[in-house]
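Got some structures for you, see below.
Presented sequentially are two complexes of subunit A, the first with subunit B as partner and the second with subunit C.
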Partner chain A sequence: MTKLSISIKNLREIIDLLNTVVSEAKLKLDSNGLNVKAVDSAHVAMIDIHMNRESFIDYDVDQEDELAVDVDKLKGIIKLATSNDNIVMIKENERLKFKLGSISKSIPLLDNSSVLTPKVPAIHSESYVILRKGELERGLKAAEDVSDAIKLIMKPDEFRARSASESEDSEMVLQKTDLIELNCSTEVKSSYPLDYLLRLVKSLGNAEELKLSFKDDYPLSIEFKTSKDAVEGVSGFFLLAPRMEH
Partner chain B sequence: MVLLFSIFSDYLNRMTDTSKRLELKQILSSLFIESGTDLKKVIYLIQGKIAPDYEGKETGIAEKTVIEILSDISGNDPEIILRKLGKIGDIGSLTQELMNSNKQELLFKDIMTVDKVFNTLKLISEKSGPDSTKIKKDLMKNLLLSGSADEAKYIVRIALGKLRLGVADSTILMGLVDAFHFEDISQDVESYYNFNPDLAGISEILFKNDREEIKNFGPKPMIPFKVMLAERLQSIPSILEKMGGKAAFEYKYDGLRAQVHIKDGTVKIFSRGNEETTGQFPDVVEAVKSQRKIKDGILDGEMVPYNPATGEIFPFQEISRRRGRKNDLSTSSAKSDNIMKFEVVSEEGKEIQRAGNKTIEDEIPITLFLFDIVYLNGKDLSRKGYSDRRKALQRTIKETDKIKLAQRIESSDPAELEAFFELSIEDGCEGIVAKSLDKKSIYRAGARGWNWIKYKRDYQSMINDTFDLAVVGAFWGHGRRAKTYGALLLATYNREKGIFETFCKLGTGFTDDVLFSLPRIFSGSVVPGKPNNVDSILIPDVWIYPDKVMEVKGAEITVSPIHTCNKDALGKGLALRFPRFTGRWRDDKKPENATNNIEILEIYKNQKKSL
Partner chain C sequence: MKGLFWNDFYRPKSLDDTLMANDIRIKIKGWVESWQRGEVTKNALILWGDPGLGKTTTAFAIANELEVPVIEMNASDLRDRQSIKNIAGLASIYMDLFSIEKKGCSKVILMDEADNINDSRSKNGSSDTGGMNELLNVIRNTRNPVIITMNDYYGFRRKSGGSDIINNSLSIEFKLYNRRRDIDYNENVRKLRTNIIKIVEENGFRISQNDVSVIIERNFPDIRGIINDVQSIAINSNSSMMENLAEGQRDSATSIFEIMKEIFRGRNYEKIFELLRDKDFDTSDLVLWIDNNLPMEAEDPLDLVNAYEILSTADIYLGRVIKKQHFRYKVYAEDISAGVFNGISTVNKKFVKYEFPSMIMSMSRSKGSRSARKNALKKIGKITHTSSKGATDLLWFYSAIASTSKENKIELMELIGLDEKEMEIITG
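Up next, the complex of A and B:
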């Protein structure tokens, strides 16, 4: 029998992150904890999330299990909880039962074979920047009403996020000293669709730092962790396909 | 064996490049052989569909959504894309162009096969719920970005129902017969199709080489078929001559053709175009259900507005009021009687419009006048002669106010028949239909043959009949008509060649409501160049893909150097003089059911004789 007890904060983070990409997902549970990989229907964005079993209040899983769920339905359950609640999830036949305080509710599990787990493409970039989430969020917001794409530029001594349309433009420039870490030997640049980034950053409420890796016209990887504690919280990475300029 | 979508789109390119039927048949035949187990999907995709017509499944992708996707992909503003679309005219070509410019990449790509495209389009059609718009959009985006610009062009056209290859069903059928070597029983294949017009379903049978199934063609309850049609002649003596001196004659009711299917207590009504209209006629459905002698059956008849108390038949337009307002031209025009009113059913298919406290059933009572029965309690009657079928109909049907048998006599006397004809007109009918008493007078689905001959009269014109013509082009107007079309280019259908041949330019008979709405009515059908399935010498300002049929009257048929109707047979074309729109849009007819060139030739010859 699969039975999990999780804090509302952790569950909300998982659901918010999944919601940036998909409306259905398969949660994989094994001896290490929870893993979810999901790609959006367009195959433009992907998310890979992990939560250690130690981050659960209770974690009772026989070897391995898979729970295919409707993310919207999970969102509905989260709305019922107060911020201090813990949620108990029990898999019963084809249903997932939730207990939160005085409320219990169950939702149907989806057919495991109908929700596919994507293969994560092998992506590797030497250059990366680690910056405060708030800084990136400001840069993205500045670009929001300018264009639907944003160009990220990394140089050995600075990081830029630039957006331009025929009539408007915006740019955020962060010097190496403003950044937590910058590892870049030659200039790299690549453009990305802005809407996915805005949604991701918004869903990373408790993350403080983000690690962005990319190279010229190449997928962007954003590594995140929602807690500073080594064990606690949700960690993972987000991949986003570039927008090419011909 | 998997068919790559790139190979499929190469075939589509080749089909677009020719309008010759034999060449098309060859191309299709090679494609079908290469399709392997993807054949069924290939057949649907060629027709720009994902399921048979009677299932009514569409992708549910709107042009607006495609424009948003193109905007996302190309980085162009939707406004700019719309402007470009205005110039290019075809969203498929525009997609192809934009895919070559700025482009969103994907994290990974699946191999683009026919299977993947078909299944994704089907998935898109099935998605519903709060997030479905975004998911549909993303799935579509994935399809467009996974293949080449050429593939994207066709995917967009298919998704929007605008593939418009101009390939007739009969050509696809010919390709199938050729690919799977059914030439020896090609007639049976055609009959099978006419009783079960689902080319994808037939392709499976041919692929499996199931010859027995094909030979056992016939009607099946709940599968709408192509109804039998009548030829036409200009006089009663000529009809009698054609039918061997004696025939049965029935009233030709002016209503909506209805094929009524009954199975295990369920009743469904389909139009002549095989669209289900059950939801609009709950009273007829109930009346059919109360017929005790039919467990399973298929009836053929005409639904007519009829007052049983007085025996009065109302004009055809009254029946249109039962159909909804989905495509009405405007609120004011909706009141006008002579305007097309497309059918509409509420989501549940049960909507009944209310007028005051009365339901529309009370206001416009409909009676179903039956004239044929092709299936009864497990038995196929279609291969029995007309007389036997009529007897079966009389034995089976209990006449009520809602269900009647068509008025009928058998006679060899022209005077008696002339009187019967006059009576039919007096009773509010269009005329009469002669039916052969020969034992070989079987029910031939989809065929217009000499076993049934119609005789209609229009007192004002030299020609005794109206024509149902497909619209293939339009000319911009001048003066008062500067912002609308001044004339439409209309065509007859050549079944042998599978193409539309022009027959007249129509500029009169429109109410102002219709006239000034013409560009809007045809906006979804405008194409950038001459459709592949149209033969025309005239070059209109706007080409229109033939998918709307209008009823037209004229004064006479003349030889014309500028029209193409029957040009092959006569060297010059035939044209209709003084054409005039009757006000009736034949939205119940598919363009391939427009008046055909053989009928025109027959009328032309008769007209010459009478002079």
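Up next, the complex of A and C:
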């Protein structure tokens, strides 16, 4: 029998992240902990989330299990919780039962074969930048309403996020000294969907630093960790496909 | 075994494997190559025609040829402005995460069954238009090939934005192959036969060339039906192939033959009723089956007379079902025909291969010409102010006129509005 106990903070993080990309997801549970991979229907955004079993308050899984869930339904449950609650999740037949304080509620589990787990492509780019989440969020917000895409430019000594349309433009420039880390030998640039980036950054409530790596016309990888502690919290990465230039 | 259904497993993977006329194939290949070379003139490909001719299969084969994934939006997805923008729109200008090493195009966007895309203006009264206009935007700005399939091309054109979409696309019509003497037809059937034999052998079964030809002839151009038949025959290879074939309804193969055997040989009323309870064919089919196979089982003329006496009583009740619209009479017909063995005193000991009722066969064969005749009569009735039944008496007259000269024939066709097939029926 699968029985999990998880803090509302961590569960909310996982659900918010999934919600940026998909409406259905399959949670994989094994001896290491929880793992979820999901891709949006346009194959433009992908997420890979991991949470160690040590980060659960209680983790009772017989070897392995899979829980296919409707993300919207999970969101509804999260709304019922108060911030200090712990949530107990129990798999019962074809249902997932939640216990939060005085409330218990169950939702149907989806057919495991109907929710596919994507194969995560092997991404590799040498250039990366580590920056504070708040900083990136400001740059993205400046670009909002200007265009659907944002162009990220990395140079050996600076990082830029630029957006332009026929009538408007916006740009954020961060010097090497403003950044936590910058590793770039030659200039690289690529454009990514702004809407997805904004939604992702918003959903990462507890992450402080983000590691962005990309190269010319190549997917962007954003690594995140919601807690400074190496074991605690939710970690993972987000992949975004680059805009195809003519 | 390759999965449960050969049909899914053996969906054609390349354009050369799909069944279509060569001129269509050449056009499609030209469009695919324009994407491979990066010299695109039309961003979208419209495949239109009746259902079941392989439009969707062709779209997947194109993606396979380009070695890219398919982003599909079909009739079961919501396809208003917003969802087309979020899925097809996003997919059309961004790279695909599953083909990041690929140069050139990175995915195929498939808008399946586009007939029902929402084209109504939004309710809030803004200039916001529906899915059709968003689709037009996708096609104009895409960096990836877009394929649209639909049944009703002219209906699509009438929708708002429809003709703009068509102008930005290469349109190809899928047509049913009826011209049996056509070179393409023969070539396609040959290709199909080779493929089917390959499929059967890959799964460890055997089938003869001739049997395959019979199956193809029966189902063409429905490839799905052909493969289903081949699979069921190959798997049930211990039962006789022709028995399976002669019977028209796929699932009742065992039951109708079992019932025939029980009626003629078993002669056990209880057992026959038990079998009849699970039948999935009509009582009139049962009577036709008995009718067709009776002469082979009752060799003594006197037996034949008695047996037909019983069967015709059953048939009377079948007639009353229609006449009185009283369906309860069906039970009488069934029970009486089940007792046909009472008329046969010498039971046949020889092997009899039960045959499919020839009447059903000839009716289904003549289906096309019967409906053409009906249409022709209706049209003649209209210009002569008679019923179509009354027009039967006039047929000889039109036939005589049509046979005088080619000009007269053509004039007659135009006057009455007959197509060639209907004209053929009149001239005989």
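Simple rule for what comes next: the second predicted complex is superposed on the first by the 246 of 246 C-alpha atoms of A that agree within 3 Å, B and C clash if a C-alpha of one lies under 4 Å from a C-alpha of the other, contacts with A are read in each partner's own complex, and residues count from 1 in each chain.
Everything below uses one rule, namely that a residue touches a chain if its C-beta (ideal position, glycine included) is under 8 Å from a C-beta of that chain, and two chains touch if they have at least 3 such contacts.
Since the structure is predicted, the reported quantities are computational estimates derived from the model, not experimental observations.
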Report task. Report clash or fit for the pair subunit B and subunit C bound to subunit A in the combined superposed model. Result -> clash
**Report entry** subunit B versus subunit C as contact partner of A:Ser23, first or second or both or neither
**Finding:** first
Query raised in the report: Who does A:Asp72 touch here: subunit B (first), subunit C (second), both, or neither?
Result: first
Report summary line: Which of 199-207, 271-279, 397-405 or 415-423 hits subunit B? In subunit C, it is stretch 415-423
Query raised in the report: Taking the contacts subunit A makes with subunit B in one complex and with subunit C in the other, which residues are shared?
Result: 39-46, 118-119, 121, 193, 217, 219, 239, 241-244, 246
Query - Residues of subunit A touching subunit C in the complex - result: 39-46, 118-119, 121, 123, 193, 217-219, 239, 241-244, 246
Report summary line: subunit B partner, complex, touching residues on subunit A are 23, 39-46, 72, 118-119, 121, 147-149, 193, 217, 219, 239-246
Query raised in the report: Which part of subunit C faces subunit A closely enough to touch in the complex?
Result: 69, 71, 86-88, 90-91, 93-98, 100, 106-107, 143-144
Query raised in the report: What does subunit B use to touch subunit A in their complex?
Result: 71-72, 75, 100-109, 129-131, 135, 137-139, 141-142, 145-146
